[in-house]
Amino acid sequence: MRPSGRAPDALRTISLETGVSAYAEGSCLAKFGNTHVLCTASWESKVPGWMKGKGEGWVTGEYGMLPRATHTRGSREAARGKQSGRTQEIQRLIGRSLRAVTDLKALGENQITIDCDVIQADGGTRTASITGGYVALALACKYLVKEGVISTFPLTAQAAAISCGVYKDTPVLDLDYPEDSEGEVDANFVMTSDGNIIEIQGTGEERSFTRDEFAAMMDLASKGCGELFEAQRKALGE
Amino acid sequence: MRPSGRAPDALRTISLETGVSAYAEGSCLAKFGNTHVLCTASWESKVPGWMKGKGEGWVTGEYGMLPRATHTRGSREAARGKQSGRTQEIQRLIGRSLRAVTDLKALGENQITIDCDVIQADGGTRTASITGGYVALALACKYLVKEGVISTFPLTAQAAAISCGVYKDTPVLDLDYPEDSEGEVDANFVMTSDGNIIEIQGTGEERSFTRDEFAAMMDLASKGCGELFEAQRKALGE
Amino acid sequence: MRPSGRAPDALRTISLETGVSAYAEGSCLAKFGNTHVLCTASWESKVPGWMKGKGEGWVTGEYGMLPRATHTRGSREAARGKQSGRTQEIQRLIGRSLRAVTDLKALGENQITIDCDVIQADGGTRTASITGGYVALALACKYLVKEGVISTFPLTAQAAAISCGVYKDTPVLDLDYPEDSEGEVDANFVMTSDGNIIEIQGTGEERSFTRDEFAAMMDLASKGCGELFEAQRKALGE
Amino acid sequence: MRPSGRAPDALRTISLETGVSAYAEGSCLAKFGNTHVLCTASWESKVPGWMKGKGEGWVTGEYGMLPRATHTRGSREAARGKQSGRTQEIQRLIGRSLRAVTDLKALGENQITIDCDVIQADGGTRTASITGGYVALALACKYLVKEGVISTFPLTAQAAAISCGVYKDTPVLDLDYPEDSEGEVDANFVMTSDGNIIEIQGTGEERSFTRDEFAAMMDLASKGCGELFEAQRKALGE
Amino acid sequence: MRPSGRAPDALRTISLETGVSAYAEGSCLAKFGNTHVLCTASWESKVPGWMKGKGEGWVTGEYGMLPRATHTRGSREAARGKQSGRTQEIQRLIGRSLRAVTDLKALGENQITIDCDVIQADGGTRTASITGGYVALALACKYLVKEGVISTFPLTAQAAAISCGVYKDTPVLDLDYPEDSEGEVDANFVMTSDGNIIEIQGTGEERSFTRDEFAAMMDLASKGCGELFEAQRKALGE
Amino acid sequence: MRPSGRAPDALRTISLETGVSAYAEGSCLAKFGNTHVLCTASWESKVPGWMKGKGEGWVTGEYGMLPRATHTRGSREAARGKQSGRTQEIQRLIGRSLRAVTDLKALGENQITIDCDVIQADGGTRTASITGGYVALALACKYLVKEGVISTFPLTAQAAAISCGVYKDTPVLDLDYPEDSEGEVDANFVMTSDGNIIEIQGTGEERSFTRDEFAAMMDLASKGCGELFEAQRKALGE
């Protein structure tokens, strides 16, 4: 029934390749099928002005898409002179999600910036960004511990994200672009490896949805995130 | 237990005053306690360029906050020269939520812009914007029917929104600013009067949350939206 | 003769309601007939960088208009990404006018920002802004004296503003929108309660004007400002 | 008494040199003492979008200042990415003043842009801009008549501008920078050669001023503009 | 002598991998050692407004760098809201260079946009962009011929680019970052496969250079471009 | 053969008039035929933030063009809100060229900004800017030595620039606008008075060029710069 032939509860092929940047303190090329996001974690030994002197660190996210990541070329945000509302929404989500699993005190006055740049887009770029961004962040944290910058690994759980939707009235996991563009209902879930929820964004612009549909999507998301946590651990050699 | 002394499932005093603008096709001053949002609906007999010739209309939202709506003065977005990510996120949400209850075909090639300007802010400005924005939209639609611009009232259900949160480990309804700034978990629900869900935005930056906590918040939201639908009908004289 | 039926030397109904903001150090909702401007005064215990260390304070104005304050919706300046020349002209005028009655030394190194936001516009928004802005400023100054931040009330006189015009060849006081849009000549006067002039802006784009016409407008403005000073004193309980 | 040794009612040396641009339809280098403004008039056979089809023309002004026109270098507006409020105020004034002496119907659907670029500034740049801008505009209009683009010379009177001020309690004509920066009161007058007034901008930020002071300044301005009209006619060979 | 141990006239390892984008009409990942640039060619069946109706096509370039392409993270141009002067300079160069080998008439009214996005930077990003951009452009042109959009392959020669410099007083080919940052003199050459020159940019900020040094660099560039033309032909299967 | 009737190796009439600004520390109105550029050098006793504490100075360039410097009016960059890529390219070139002949250590922690504003344009504005900018810079440096701000004249050689091109297959010196707009090949050379090269920018968008053509242009440029160095020395009274 799905355009890709996947079962309703099947993820696309997931690949989390580490060490893809020669310079970043942590990096991960996250592939969810044809969606490819390059995630890098960059460390600075300082925090934003409004956080100085609190003895706490900061984790922030930035998001971008190459103009021809998509079927038809989109305009370059740098050329247009501003980031779209969508871009800002996504990068705020990435930062929030990763801070939720970070003990900012344990990070000390250090900032880690997670850049998520979409090389190729086939739906689900924000969930690939968060899932790959976690891996890049974890690698950077390990680096900081190894270098003696901080004494404790500051991440309290893994974070991963997946989308669900209602496609032709069936709840399905991990929407690709053909499903997403036709799908009536669309929900993104960010979860932790200890079984909790960080963020839920469910939207029914085409049609509203019922509590039952929502519960079915949440079940799918739990299953999908379980597989993503497994993939993250493998990528991190844990 | 709540700073305001309200019961966990109690809304603030809600007021939806109509006819507050001398010029707008529909208007509503929405008060959720000390949060006051002026919502106006402005009609134009044209649609955005990318929609021309489809025979469909468009509903869009814009959001702003007066600089001294808050405890300490914020900078003016027009002076800074750009809208914040938060503003854009909220105005996208307003537009999406109201389109979800609009039959765009029945609206014909007309555009209605819902401006939600926060005069005073005490938490929950986006939910007051959507709830009051629905009233302004409904008034504008009635006006268009009365004037013969369109033949059918194009709204398919009422839309209202409310926030919930977990405050000192208790799920509570309709967060005010003291609760919101301390609250660990925060969720906004947009619902329809026929019992469905348009949008869910649940965020746990301070700490993640459980499925049970989420279910409790959704129950509170259903109750709260029920009261808001009632208030909307009263404001519209239905 | 006037569309409103007013006598040539008659103001519209004037209302200066104080205490309209829960948070601002001073606030006033100024109504000149259907023109409604919300004026708030916000105090900060610091001055702009270029004034630091002089032992003097600063008073500045900002001006905005809600998109649907007018008959047809205007675009939102924050969305367009810049303030119009007209907005900047008006906010510079507000600041200049209020500084002219402020002893900046007596204010110490404090800044007061007067935000004038037009909720509804029917001509004369800049004069309502200055007249209401003075009230908000005076309230904030009283607050600073009461709180012991400064020892002397720093305002040296009241400031008020009114427009005049030549409408169908007759000089008239306090133009409303129908008069303003048809009027050939338009002049704004800012005056002090001790009988002096702070600012005159007279413009004859449609046609130039004579010295006699200008003198007649100045007489009208003196009369009108006298009534506004009275209304300000009443609003301030003096 | 004046720093320059001028009598209170004496203009600076005025020079209006025409034909200074190889390309513009009209040009004038206006010198008021050490204030030098290059004014060019550029013709286009079209009008702004909102004026199309009315059979009328448009005259507009733009204003700029070279970074080192002043004693200390100012930043370049193009580099900062926006025009200051002061720049916008002045260019709006230039356009308004010149349109007041233009019969826009006689101009047909043509637009003339008057660029006023300050090469060197010693006070009074806006008055030199208007006075020189008139000359450039008149030359461009003569050119359009000569070329047969329009049949009637569309200017109905000359326009010129001069500043006055109160310097050490004496009303004086044509403020230079040392007077302007110390002067308490400052007024700009735009007048027509048939004895009327186009625009008055009087400002007393340092101190307010009396009606008598204002009347004295207006007398000085009439005298000064008389001399400027004479200089304009000489420059235009009339 | 060179930090990399290369001979003065040795290129870094060059790789031009095609078919790296699932959607673009042509794509090439160009690697000059550790400098990696993703080049995509996007076709649109229209030209910019100012070119319409001439029967000619257009080729344009855009350039960007991922924030962590470099040793230390740079700020994101989209977030800063404008492209740097350097970025604009480079993208103008890319467009100019590729248009120089394109018969715009043979391209018909089609536009091809070459996006060059630097994934990793180790010096020479503009030369890798042009060299890889040519391959992407050639692939897109072949696609247009194959699809029957145009009848003739419109490229008249190959274009490739390489940098040279004077490092420790020796002219060397293909500067990497350690050489570039220390190098006193730096020159970029864009050449055609028929032995001509499209563009030369030679800069001696640290010290000026002699005609002999320049001639030596041009010899190196000719040799280097010869190898790049060979690599391009291999990548294109020619 | 040339539209101007000049010999292939003839410069236009060159004039370098000094002392044209009443305020700048150095100034020069550079005329290359009908191309007129006003160059001013402005001194500040501070350096950009990133250079503080190094004991070195900085020289930077800014470039602008009056809207009606050209045959048809161009839009004002300050009004458009950004500088074009071309403007940024030119001002970067001006700064780089003049720094190449400045001993930044000898300049101490002082910054000199060279503003090059094109009053009239007939081709070659960047070369006139550099040639005149050098004169303004030299005058400012002499002023700093005379005032005792620095002890040694910090310029190590003269810098001048000239364009060459291939016009109707003949290499020619100092292109004017008619040649430039038709010319197939265009190269700018910045040279030092001790016989070296600072910068070469050669471009063949219309057609590529040969090494022989390039060598011929370089010979012409050497001859032309020789004459410009002579004119600079005369202007500086050396």
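As written, the chains take the letters A, B, C, D, E and F, and residue 1 is the first residue of each chain.
Rule of thumb we're sticking to: a residue touches a chain if its C-beta (ideal position, glycine included) is under 8 Å from a C-beta of that chain, and two chains touch if they have at least 3 such contacts.
All values reported here derive from a predicted model rather than from experimental measurement.
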Key: Remotest chain, chain C as reference, centres from CA atoms   = E
Ask   = Can you spot which of B-C, A-E or E-F is a repeat of the C-D interface, where more than half the contact pairs line up?
value = E-F
Inquiry  = Centroid of chain D to centroid of chain F, CA atoms only: how many Å?
reply    = 33
Inter-centroid spacing, chain D versus chain B (mean Cα positions, whole Å) = 50
Query = Taking each chain's centre as the mean position of its Cα atoms, how many Å separate chain C from chain E?
reply = 59
Task = Mind pulling the residue numbers of chain D that touch at least two other chains?
result = 81-82
Task = Take chain D as the starting point, go toward chain F, and spell out the full loop of chains.
result = D, F, E, A, B, C
Query = Of all residues in chain D, which touch chain F in the complex?
reply = 21-24, 27, 34, 38, 40, 42, 44, 62, 64, 66-73, 76-79, 81-83, 87, 113, 115, 117, 119-120, 122
Key: Touching residues on chain B, where the partner in the complex is chain A   = 82, 85-86, 88-89, 91-92, 96, 99-101, 157, 187, 191-192, 194-211, 214, 218
